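Labels for the chains are A, B and C, by order of writing; each one numbers its residues from 1.
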Amino acid sequence: MDTTRRGFLAATSAAAGDHAQAADQHHDHDHQAVPSDPTLRVKALESLLVEKGLVDRAAMEALIDAYEHKIGPHNGARVVARAWVDPGYKQRLLADAPAAISELGLPKPSGLLAVENGPRLHNLVVCTLCSCYPSSFLGLPPVWYKSAAYRSRAVIDPRGVLREFGLELPEDVEVRVWDSTAELRYLVLPERPAGSEKLGEEALAALVTRDAMVGVAKAKPPQAGGGA
Amino acid sequence: MNGVHDMGGMHGMGAIHYEKNEPVFHARWESRVFALFRLTRAWNKWNVDVSRRQIESIPAAQYLRMSYYERWFTALGELLVASGLITRAELVKGKRARGSPKATPPITAAQVASMPSAAALARREAPVAPRFQAGQQVRARNLHPVDHTRLPRYARGKLGAIHRDHGVWAFPDAIAHFLSDKPQHVYSVRFAARELWGETASPRDAVYLDLWDDYLEPA
Amino acid sequence: MKATRRGFLTAAGAAAAAQDHVHAQGHDHDHQAVPSDLTLRVKSLESLLVEKGLVDRAALDALVDRYEHAVGPRNGARVVARAWVDAGYKKRLLASAAAAMEELGFASQTGENLVAIENGPKVHNLVVCTLCSCYPWAVLGLPPVWYKSAPYRSRAVIDPRGVLREFGLELPEDAEVRVWDSTAELRYLVLPERPPGAEKLSEEALAALVTRDAMIGVAKVTLPQAGGRP
């Protein structure tokens, strides 16, 4: 196998072509919408790579564990809640999100920008070209965010998408859609809900949903008559 | 590449299906694919734009049919074979070829937390001057590269305004081919909804794209 | 079910949306590339429509027969051959294909929405329908699968020379390629160049040389190999 870069590119194109050709010729079997058993094929690849010493199984477990249990929207919620109670922090977050996030003891993301919602401004995040998302900070994106339906519609009909998510915006609100085409990732800083003035940071964080930080929702209102 | 992956503004992609309390992974195999993809990237045989290009090269009908992790899995097999890390026969059989040497994985469990992100890997320190300033009017060029690019079709030829300079980054159209980085400024560019979608769009709304210097020309 | 147009569109939209929904949930069955039960489903629909008196079976058969046997590229080839031998006819054809076709005895309105476009030493025409697969049925019959395919539809407009190259036709750089995207109701017939060395052939022999591919624009008309069959 030619291990030069040109060889790499030639090999991948040839493989993709072969793959497509094979698929065309044997389409009775190959075009199940959900391949009958990705489980087995994935297991086979994993075993192969472990066998060859290309990946470490414990490292795999650690990575999966991190994303299943440790990294998630709660990180973002803390940051948003802090920004709500501390105007200086909010300014720092808007100016340099990675630095502000690491202030809270969280791992510093590389290319994150916070965009602030307001009474006349609503931000929405998408990646039309693939599914880029601030994963290292908010956890992995939901399926709907990665779907062709969302990717195609968010840029052309953001108000229609928001409407489907139950959010109707007045005409005089500006909607800004951020298409994550480069390595910058976007965090929406939702508006602090009315009636939350007395709540502490922890209770505020509980109002901040992942959906609000992507921009398809507002933050949850405080419980009616609820405490801190 | 003018592929189906470049789907901003397309119609007919169906309804958005929202799942409440969605699990991080819907099947165990998804989590394995996720981890394999990240950990094999550490071999530095490919960069993030090479892997995107690989996904984009999945034939259109298959691309649209496949789930997100199935696309990753499909691309991963090809990347591993093309890079020489595994052979086609090994991929098909799922077994190491007899006599092939065993390597040492570059990332252990302890190192997982400190693996650099794709963003960290794409930033460049090169002292390149920006061509545009915040507030300046620009036009996205009418480029149609046959291969990987991050300039969506819906923006080409459209008039926008520089919102912010994000600094210097490697150029995806180049690094997808293992060519030299061509480090250059990336800007946040604001495009009015009406500029993109015509008179019936909101007069107030806008789409912001992060675009490399090479994608832009003065307006 | 509402019989109004609005009702129709609403119902069709709802059905399509329901299909999407169904697809999301039951995609194991719906996405065969070549559905094995398509034959049965078509038969079933045909029977239903005949049963309900909505279509006449003999009419179905006649229509299929017409396009399998009667209407085809031979029609276009006749027009091309006449244009080659008769300069006046060619002029009339380029001005109004409808009238020119009537001249040759085709039923009136056969060439109603047809436009003939002429190739020359420095101009090469190529026809496509990027949006669906529109094609000049009246002169060429039904289109071949490749013409209707996503690869042709997508590439003909952006890389016509690449497409022609794959068809074995290399054009000089100084030739102008015109791609006609059949977006409206006009249909295009390419009038290929008469091959050199064909001066002595009769109109009928000339017509036999004109291929469907040449009238779409993916080929030129050539003489058969020396010593081969005419």
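Please note the rule applied: a residue touches a chain if its C-beta (ideal position, glycine included) is under 8 Å from a C-beta of that chain, and two chains touch if they have at least 3 such contacts.
Quick caveat: nothing in here was measured; it's all calculated off a predicted structure.
K.L.:
Tell me which chain's centre, taken as the mean of its C-alpha atoms, is farthest from chain C.
P.N.:
Measuring from the centre of chain C, the most distant chain centre belongs to A.
K.L.:
Of the chains shown, whose Cα centre falls closest to the middle of all protein Cα atoms?
P.N.:
When every chain is reduced to its C-alpha mean, the one closest to the whole-protein mean is B.
K.L.:
Just curious, how far off is chain C from chain B if you go by their C-alpha centres, in Å?
P.N.:
Computed from C-alpha means, the inter-chain centre distance equals 39 Å.
K.L.:
I'd like the Å distance between the centres of chain A and chain B, where a centre is the mean of that chain's Cα atoms.
P.N.:
14
K.L.:
Taking each chain's centre as the mean of its CA atoms, how far is chain A from chain C in angstrom?
P.N.:
Each chain's C-alpha centroid was found; their separation is 46 Å.
K.L.:
At least two other chains touched by the same residue of chain C: list those residues.
P.N.:
23, 31, 33
K.L.:
Can you tell me which residues of chain A touch two or more of the remaining chains?
P.N.:
Residues 31, 33-34.
K.L.:
Do you know which chain B residues sit against two or more other chains?
P.N.:
14-15, 17, 65, in rising order.
K.L.:
What residues on chain A touch chain B, complex-wise?
P.N.:
1, 3, 5, 7-9, 11-13, 15-16, 19-20, 23, 31, 33-35, 38-39, 41-49, 51-56, 58-64, 66-68, 72, 107, 109-111, 126, 128-131, 136, 139-140, 142-144, 146-156, 158-159, 161, 164-165, 171-185
K.L.:
Quick check on the complex: what are the chain B residues that touch chain A?
P.N.:
5-11, 13-19, 22, 24-29, 31-36, 38-40, 43, 45-46, 48, 50, 52, 54-55, 57-59, 62, 64-65, 67-68, 70, 73, 76-88, 90-91, 93-96, 100, 102-105, 107-113, 116-120, 122-123, 150-152, 154, 166, 169, 177-178, 186, 188, 190, 193, 196-197, 202, 204-212
K.L.:
For the complex, which residues does chain B have touching chain C?
P.N.:
Contacts found on chain B: 2, 14-15, 17, 60-61, 65, 144.
K.L.:
Residue numbers of chain C touching chain B in their complex, please.
P.N.:
Residues in contact with chain B: 17, 20-21, 23-24, 31, 33, 150, 154, 158.
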